[in-house]
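Shared between the two complexes below is subunit A, which pairs with subunit B and subunit C, respectively.
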Partner chain A sequence: MTRILFSDKLDNCVAKWRSAGLTVIGPVQGESLSSYATVEKGTDLHLGLVLPDRSLKELFFPQTEPMLSYTIKKNEIETADFTPPSAPRIIFGARPCDASGLAIDDPLFGWDYKDEYWFQRRNESVIVTIACTKADDFCLCTSLKLAPDSTKGSDVLLRSLDKNRGWLVEELTDRGREAFAIISEYLQEGSEPALPTVEVPEKFNLDTCVTWLQNPENFDSKFWKEISMRCIGCASCTYLCPTCHCFDIQDEGDTYSGIRRKNWDSCSFALFTMHTSGHNPRSTQSARWRQRIMHKFNYFPGKFSVNSCSGCGRCSRQCPVDMGITETLQEISKL
Partner chain B sequence: MITQEKYRTTVKELLANGTIKMAIGYRPGSTSDRRRPLFIRTSEEADQLVLDSTCITNLSGYLVTEGLLSDEKQVGIFLRPEGIRSINILAAEYQLNVDQIIIFGFDSTGREVRALQGQTTGDFSALLSEIRENPPLTTKEPLLERIEKMNAKERFDFWQQEFSRCIKCYACRQACPMCYCRRCIVDSNQPQWVNTSSHTLGNFEWNVVRAFHLSGRCVQCGNCDRACPVNIPLRLINQRMANEVVDGFDHFAGLSPTQEPVLASFKKDDTETFIL
Partner chain C sequence: MTETIHNAQPNIYKPAIMKIVARHDEAPGVRTMRLEFQNPADHEQFKKTFRTGMFGLYGVYGEGESTFCVASPETRNEYIECTFRQSGRVTSALANADVGDLVTFRGPYGNRFPIEEFHGKNLLFISGGIALPPTRSVIWSCLDQREKFGKVTIVYGARTVADLVYKHELDEWQKRADVDLVLTVDPGGESPDWKYRVGFVPTVLEEAAPSPDNCIAVICGPPIMIKFTLISLKKLGFDEKNVYTTLENRMKCGVGKCGRCNVGSVYVCKEGPVFTAEEVSRMPAADL
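Here is the complex of A and B:
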């Protein structure tokens, strides 16, 4: 028997989760920007957004994060580690592309070294995803072989009932089941047809693109320069992307004491690959754009058997010069 | 439509007779209200040109792309009045030679787009002086007026709140035609003048440093504002600084290619004992 969570019970659920020690996070529309943020009541959630401007990744991999502090003394160096404080939480109303983004990055953060910052937060977060019933011109999950109701990365999938009345509950993992056991008194047994998920047209044939990218001859194709001539290297595509994961380690402080931080970095910056000598192996913006595409659809899947893109469309939605993954792959599929 | 057609023809002619090697304009974007920068080198590419009221990006930054003007050939570019001012500033700061630039000027009121008469920056000096005397209404933003009415503490809190969203992507810098430094101060780490992290201090340092660097140079094109992925109203800061510079130094940036940069010129008889 499926269970239903009715919208009018959401406030009770949020209160219940909070009293069980979980921080409740979900999509919130701020004055000028939407993001996943902590809420106190169910009614604070803005579940009607197509998807928040900012992605879910920053709750797991923040833009800047202290790793350790150091003090250099006469005969020794004192260090103290910063690990995120234990903070169990539930993310209610994630979009499938954002949840997939987390699952896509898991193997990366756990590959040669287990990134404890990422995994502590992963292990302490329950992801409750709502299948999409609306999309905009930029959504492209289906082109990435995902869907508006992908379960990848989610602990629970909710399917909306009509008239915003509530959701059908599909528990997918033990973590999800535990979180929903907390609020079981507010769930009702029953089954009703859920609203159909939105039709997201496929914008390109991914396999054709991947084959082209894998052909070493195309690495030096004139295509790269043409497609990226207008790219201004602003990095906002990478910073808003739920799967872009590059970071830089920086020491901040003076000679004798300071804090070592992990900060977002981006392959769009010229500085990203600049050598101390001044030589830059990716000296042009087109080489940097090629890297972003190659990394997502050739190198990353080569290593982890999954594309580093979940089709959220943020890169195209946000680009100040109207570029993005979609246009590039569409053009590649026509070559 | 007529303006667009006329300009398509002009661009084709100038390309065909070898006057220009390229024209930088706009073409349709991924949705009906979006436009993309277009680099026109052939007659076919000229056919993609669109010119309407949604062409708002200031394209002048592309002119300082490494190597573009080094062959001394001419390049055409579609510019609104702010863009023409940017070209003047870039010339005054020795970043380009105005003789290499052919301007396809345009402006719009509502959805109506019209061509501006002229081809070289000098042709627009009367227009720019007119803009100086009667700034367009956009310079009287309600938010700016609200901020002006705040006391220092409220204003600080307002910007702290806004900057707290900054993710240090530097899109504002990359989108700004005046941010052409090969190595930005935030990219220098010997010494590290500005914290690279995007915490409160780092975000403040970055945005304040940029505001100072843009003082007397910003033309209010809004590129930074539109590029900022977290919607910080950046243009307001630079606009306020521009107003200060007009009040304090009687300097309206970008009037001519020989206008002396206000914060980068030095006089022995300066009455001030301190220079920034």
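Here is the complex of A and C:
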């Protein structure tokens, strides 16, 4: 028998999870942008958003993160590691594209050298995803061979009932089952049809695009310059992207004490690859846009057998000059 | 600040603390430093993993980290030597550090020169300017077990006599009967007492005309030198598979995560920095 979580029990669930020591996080409308943030009660959750403006990534790979502190004394350097606070948490109302984004980046942060900053947070988070019943013109999960109810990266998948009454609960992992055992008193057994997931039209044929990208001759195609001519290199696409993982390491402090931080960086910036000598392997904006597309659909899948794009569409949705992955791949599929 | 501090978690971005035990000025703005590990566990880890060709991130807290090769050979792993040109923020801070001061090292990272595969073969080292340090690590790794290799030829050039690095070691190689050293400086870079060659590395290489038979070439230098040296090696009959080089790119993590050092699909930090000329020729030239 399927179990149902009714919306009017959500406040109780949030309270219950909180009293069990879990931080509850979900989509919240901020003053300017919506994002995933901590909530105190169920009614704080904005579950009607197509998806938050900011992705789930920042809860696992923050915009800036202290890694260690240093104190320099005569003939001695003292350092102390910063690690993420030990805080089990439940993310309620993630979108499938955001949850997939986490699973996509797992092999990157784990290959060979394991990045504990990422994995400690991954291990302490339960991802409760709600299948999408609405989309906007920018959504493109189906073009990436994902779906509005894809379970990748999720611990629990919820399917909405009509009239915002609640959700059918599909527990996918042990971690999800444990989290829902906490609130089992608020779950009801029952079976009724869930709302159908939204139809997201396929915007391009991914295989055609990947074949074009893999052809070495196309690396030097004049297409790259044409498609990226209006890119202003602001990096919004990379910062909002649920899978973009590039970072910088910077010291904040002085000769005697300070903090070494890991900060988001972006392949859109000229300084990203600039050598001390002044030589820059990717000296033009078009070379940098090519890098972003190649990385997502050629290099990354070559290493980890998965595209570094979950089809959230934020890059196109928020681009100040109306570019994005969708347009680029649509154009490539026409070449 | 909500973050907690504790020391139990292994932190892959945490460098080892190194003491500068010696330093030596090689050329204007170019310095070699010998570094010793302060923590025996870090040293053991280094001895276990370091092979010639690998690189590290050298750093000064408060300034950051910079990527360059380990210039000392795998046969001498009691210490690390690095040679750098003072040019940016981190290298300036390193240059300001004195013997006895503490700096940091993270590594060794990357792949290596497969010198076991070079056993029984002739070796040709070609290097230009500040690119001798990575080559020098391989040279000493081979010379320290000289009997395992055939003829050893070193072609080294710099813009001027002053720009030649490791001058004391060049003298040593010059004197050795089992090493053939060809030294050159660019036209106009010679001093009145210069008694070796004058000319660009590729030209001098073609004149020296080492045989490609049973020979491995290791070349390292500025991109323009590499470009023309590869042409010369091809003329001399070298197979691209027997020509090795080492690439450098800006890096932050050194461990395949920060996303910037790739040339095409190849991550220099993980799949490199050592490549054969054949591998390099398959990379998109516009991304180099």
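Basically, the second predicted complex is superposed on the first by the 335 of 335 C-alpha atoms of A that agree within 3 Å, B and C clash if a C-alpha of one lies under 4 Å from a C-alpha of the other, contacts with A are read in each partner's own complex, and residues count from 1 in each chain.
As a convention for this text, a residue touches a chain if its C-beta (ideal position, glycine included) is under 8 Å from a C-beta of that chain, and two chains touch if they have at least 3 such contacts.
The structure displayed is predicted, hence computed values, not measured ones.
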| item | value |
| --- | --- |
| Superposed partners subunit B and subunit C on subunit A - clash or fit | fit |
| First, second, both or neither for A:246, with subunit B first and subunit C second | second |
| Greater residue coverage of subunit A in the superposed arrangement, subunit B or subunit C | C |
| Partner chain in contact with A:210 - subunit B first, subunit C second, else both or neither | neither |
| Touching partner for A:229 - first (subunit B), second (subunit C), both, neither | first |
| Partner chain in contact with A:182 - subunit B first, subunit C second, else both or neither | neither |
| Touched partner set for A:20, first subunit B, second subunit C, both or neither | neither |
| Contacts of A:85 with subunit B and subunit C, given as first, second, both or neither | second |
| Touched partner set for A:77, first subunit B, second subunit C, both or neither | second |
| Partner chain(s) touched by A:47 [first = subunit B, second = subunit C, both, neither] | neither |
| Touched partner set for A:255, first subunit B, second subunit C, both or neither | second |
| Minimum distance between Cα atoms of subunit B and subunit C in the superposition (Å) | 5 |
| On subunit A, the residue positions that both subunit B and subunit C contact, one per complex | 248, 250 |
| Residues of subunit C that touch subunit A when the two form their complex | 1-7, 9-14, 17, 61-66, 87-88, 91, 100, 102, 104, 223, 248-250, 252-253, 255-265, 270, 282, 284, 286-288 |
| Touch list for subunit A against partner subunit C, complex | 66-70, 72, 75-77, 79-86, 108-109, 111-116, 120, 216, 219-220, 245-251, 253-256, 258, 260, 262, 265, 267, 272-277, 279, 281-282, 287, 291, 294-295, 298-299, 302-303 |
| Subunit A residues within the subunit B interface of the complex | 32-33, 53-54, 63-64, 137-138, 229-230, 232-236, 238-240, 248, 250, 252, 261, 263-264, 266, 269, 271, 316, 318, 320-324, 326-327 |
| In the complex, subunit B residues that touch subunit A | 29-31, 34-37, 39, 57, 61-62, 165, 167-171, 174-175, 187, 192, 195-199, 202, 223, 226-227, 229-231, 233 |
